[in-house]
Amino acid sequence: MNNIQPSLEIDVAGIRMKNPVMTASGTFGYGSEYVDFIDLNKLGAVVVKGITSVPWAGNSMPRIFETPSGMLNAIGLQNVGVDGFIDKKLPYLRNFDVPVIVNICGEQVGEYLEVTEKLDAADGVAAIELNISCPNLHCGGMSFGVDPKLTDELVKGVRGKTTLPLLVKLSPNVTDITVIARAAEGAGADGLSVINTALGMAIDINTRRPQLANVTGGLSGPAIKPIALRMVWQVYNAVSIPIIGMGGIMNGEDAIEFCIAGAAAVAVGTANFINPRASLDVVEGITEYLERHGMRSIEKLVGSLEVP
Amino acid sequence: MLVPTKKFDLPTEVISNELVAENHYLLRCSCPEIAAGALPGQFIHVLIPQGSGLLLRRPFTIYTVEGDEITMLYQLIGEGTNVLSSLKRSDSIRVLGPLGNTFEISPAPDPAVIVGGGAGIASLMLLAAALRENGAHALGLVGSMNSARLLSVEDLEAIGIETYIATDDGSVGHHGFVTELLMEILETHEMKNPQIYACGPDGMLRVVTKIALDYRIPAQLAMENRMGCALGVCLGCVCKVRMPSGGFEYQRVCTEGPVFNAEDIIW
Amino acid sequence: MNNIQPSLEIDVAGIRMKNPVMTASGTFGYGSEYVDFIDLNKLGAVVVKGITSVPWAGNSMPRIFETPSGMLNAIGLQNVGVDGFIDKKLPYLRNFDVPVIVNICGEQVGEYLEVTEKLDAADGVAAIELNISCPNLHCGGMSFGVDPKLTDELVKGVRGKTTLPLLVKLSPNVTDITVIARAAEGAGADGLSVINTALGMAIDINTRRPQLANVTGGLSGPAIKPIALRMVWQVYNAVSIPIIGMGGIMNGEDAIEFCIAGAAAVAVGTANFINPRASLDVVEGITEYLERHGMRSIEKLVGSLEVP
Amino acid sequence: MLVPTKKFDLPTEVISNELVAENHYLLRCSCPEIAAGALPGQFIHVLIPQGSGLLLRRPFTIYTVEGDEITMLYQLIGEGTNVLSSLKRSDSIRVLGPLGNTFEISPAPDPAVIVGGGAGIASLMLLAAALRENGAHALGLVGSMNSARLLSVEDLEAIGIETYIATDDGSVGHHGFVTELLMEILETHEMKNPQIYACGPDGMLRVVTKIALDYRIPAQLAMENRMGCALGVCLGCVCKVRMPSGGFEYQRVCTEGPVFNAEDIIW
């Protein structure tokens, strides 16, 4: 123990944050839903639900299912659309002194570009997170995030439309995540979000129907943490842009694991559903760890894994 | 009916947790902030204690409010309610609430016909109390598998609500569905400004909706669905709601609901 | 309820079994370790620990780590080698009336072929399970199971060396498991084992070292069940050879889920560590389910998922 | 030292589960079949009750055997032992055992020097009892962080074993490591056919090994490691063992161990 007061402030991919803890897209709404529990100003960044060019209705029900230490979701990107977001959701977030990162999605490259242009012109967007990995969509039968060429094309396109920091969110459902990571880096991404949900499924044995109307869905929560950590470490060793680590982070200790594996920042997802204060608890947990280990900042921790 | 109540996530202790009917328990705990704001139909999202191996919380309607204390009346369904039922006095739980919207009760219905199937009646108890406080005339219709599982009849009668019973096996009251009882009562009672309030299994709610439409009586349903966050962010709990425009929208049971107008639900 | 006594007997990939429940390789030793708890004759089949051409020492310690609803392992295929297996382990198993399936592995195609030839000549081997998916090995930097061409080559090679039923065990660490599944089918596999472990990792935040000496390891147990089920269903829709489903099966109900998704048989792995009777409990659970649903056999269940 | 004991996986109930020293508990349960076969150094693999959220069992040495009952003496380490410590009389657990090999005690050591660090002493209690039954001369050396965490001294003395204490903070006995005590005793005592039996943290066991080699005294160590199956199949619990041939082999703590000759272990 000693008296160094660690500073959690960091700059990740050009986004200046008070601490390295974000909320994961789709698990924190548009921020307003959590103000009874959290001072948004204390977060590193708020990442909002995936936005598309026009409002999407989403998938039919059931949409979620609990699995051992995890949950499956197939929401189908129900969202208000980029115009609705800018008109109805963004103004509220401008009341806070916290970077707002907008997660965007689409079925065609053109849709991504349209959303990007509108967000680039809007006031109060700190960065764009490109979701090329939503497991509940079928962009020509396969999502962008599993093909390095499609990734390159899409990221280059979006890069051309904005000067905002650009994060690219990678899918775990690939043979070699470093290939996609390098494609995104090469195409101009400023940072990588690792990982989105793993594709999974569950069945009701009495009705013999899938537990999700969409049949398959994205697995999140502690169950996928080992997979997420492995991928963060792989990507860390493959690229030189910063990584936002996520997948099953429930507390500060989980977050520290991601940092040691190579994450410059982390995002808290499913944990928000179980504990609405989870993201701030993670901030506090990280602070305590740094204090306990006499570290002034988190930077020395990033990628500090000692391999035997 | 959308009410932006301030929400709390409170650590608290179980005061009591008793078997009140076969397979059904009543859990009491002290949550002053939630008790203060709770409206009829609203619910809490309960964190099953650490180490239970379950990830997500479980939603339950606030059954009664007495001073600082709230109760929930719940049925054993799966692992979560099983762990809940094993909790003893002074065991810790966390309670998030009050959540969701509330029932519309003005202009005062005459009568209010409350229809509960199984544990569904739990969602209607605070409503019944509020109606009585407002001096509204209310009838209680309680459906159950059998007499051993019958819930809430005494609680309803204690606040002066005329209560009718239906059981699947005829062990007490009407032998058959509570929806049959509903039809019978609509046929036999004088009604000025009737309103149906219902909660129960999907099958029952569909029949209630049909009856309400047939008789042109407005009906409000307390809906249930699997829940993730219960705060409106995961979009996991939606139901399909008819829009005035003619289309539909997926609305969140935890936020736009749990109470919906029966005619708006697309099953 | 009714009085039909279901028959669990099946023929999977040419292996005649009393019931569709096997033990997963590496989780049941060579069978003898479980005789205090289980009558081996009551199992569908015993699948033994992966065998290589020469004895392997295995990885250094630590080799296992518990994760939420799962465990990581990086054993590194410690085994007695094919000669040791035939001389010291197989004779004991010949005392039982249960098919013995031998899981085999190697770093080079040649090693697989050598092991296959020896097993083909041995007495008491019912089938070979080709492990092309061990996450703790590095065959030229990448395991066979993530590349359809390597899969084709290896399976064809092994196929040429034996007339025994040949199962090919697939890796979940791929973008599209159906590509590998079809490659294996095309090359002559009689059945597919789906899935091996998912590659994961965990870190000790106090020492900043990996929890496994091998850094990464294979994730097994209930945590991966949703992923395994999804892959079984995908493979079921892509090939016409039978599937042995595995990944997080703890009880009869889990097994039934796999059957509905498309598994003709199942294997019980990590569950053996928690409950030494797990495999027989699964047999009993399946029987009860069939009885309760008035089904005479499991065949009608296989792939019976009703997609909305 | 390899003993093929018949193994059992038994459901049983907690008889008692008491705090016996700071951070340490003694759990008692009835397992006739395991009690009947248990040998010194053998262990059980305990299934933490359903719903605890933990997947794997946890291994603990059999501390004592009394009729049909066995006890285990355990330290609070993480979640598993935390859940264990919350168990009350008549709570259910499952116990797999007896597992592993046993200590070599013939020809009778003179004296047997038993060295336990922290909860490690738990692995040596049945051994101590067996030595006394055989009439062997045994000394007990017990190391602990401080007096509050001191374990087993009374139990050892009750069976007539001369016991020496070392604490890290000097609050009782020798101020320092139990290995220092070991050296002192080897220097000051007359020894005809000495044998060291040790269990404790890795660091301690390495020093014990060095001392044993220096003094050319045979030593047996009860090793620990993370365990999966405890039945010899997962190969997760291995330690590195020197082979007579000159090479090494990874041997299973659960099967070839937990007891190994100190000189064979490659750290």
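The letters A, B, C and D name the chains in turn, as written, and every chain counts its residues from 1.
Just so it is clear, contacts are C-beta pairs under 8 Å (C-beta built on N, C-alpha and C of every residue); 3 or more make two chains touch, one makes a residue touch a chain.
Quick caveat, the model's predicted, so the values are computed rather than measured.
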Shared chain contacts [subunit C and subunit D, defined touch]:
none
Specify the chain most distant from subunit D by Cα centroid.
B
Could you work out how far the Cα centre of subunit B sits from that of subunit D, in whole Å?
56
Rounded to the nearest whole Å, what is the centre-to-centre distance of subunit A and subunit B, using the mean of the C-alpha atoms as each centre?
36
So, in whole Å, the Cα centroid of subunit B is separated from that of subunit C by 47
Where in subunit C do residues touch at least two different other chains?
60, 68-70, 221-222
Subunit B: positions in contact with at least two other chains
53-54
Please categorise the chain-chain contact pattern as a line, ring, star, complete graph or other.
ring
Pairwise touch list, complete, is A-B, A-C, B-D, C-D
Help me check something: in the complex, which residues belonging to subunit C touch subunit D?
26-29, 33-34, 36-37, 49, 57-58, 60-66, 68-71, 73, 75, 78, 221-222, 270, 272-277
Can you list the subunit D residues touching subunit B in their complex?
51-54, 79, 82-83
Quick one: which bits of subunit A touch subunit C in the complex? Just the residue numbers, please.
60, 67-70, 72, 146, 173-176, 198-203, 205, 207-210, 213, 215-216, 219, 221-227, 229-230, 233, 248, 253, 256-257, 260-261, 289, 304-308
Give the list of subunit D residues in touch with subunit C in this complex.
6-9, 47, 53-57, 96, 225-240, 248-250
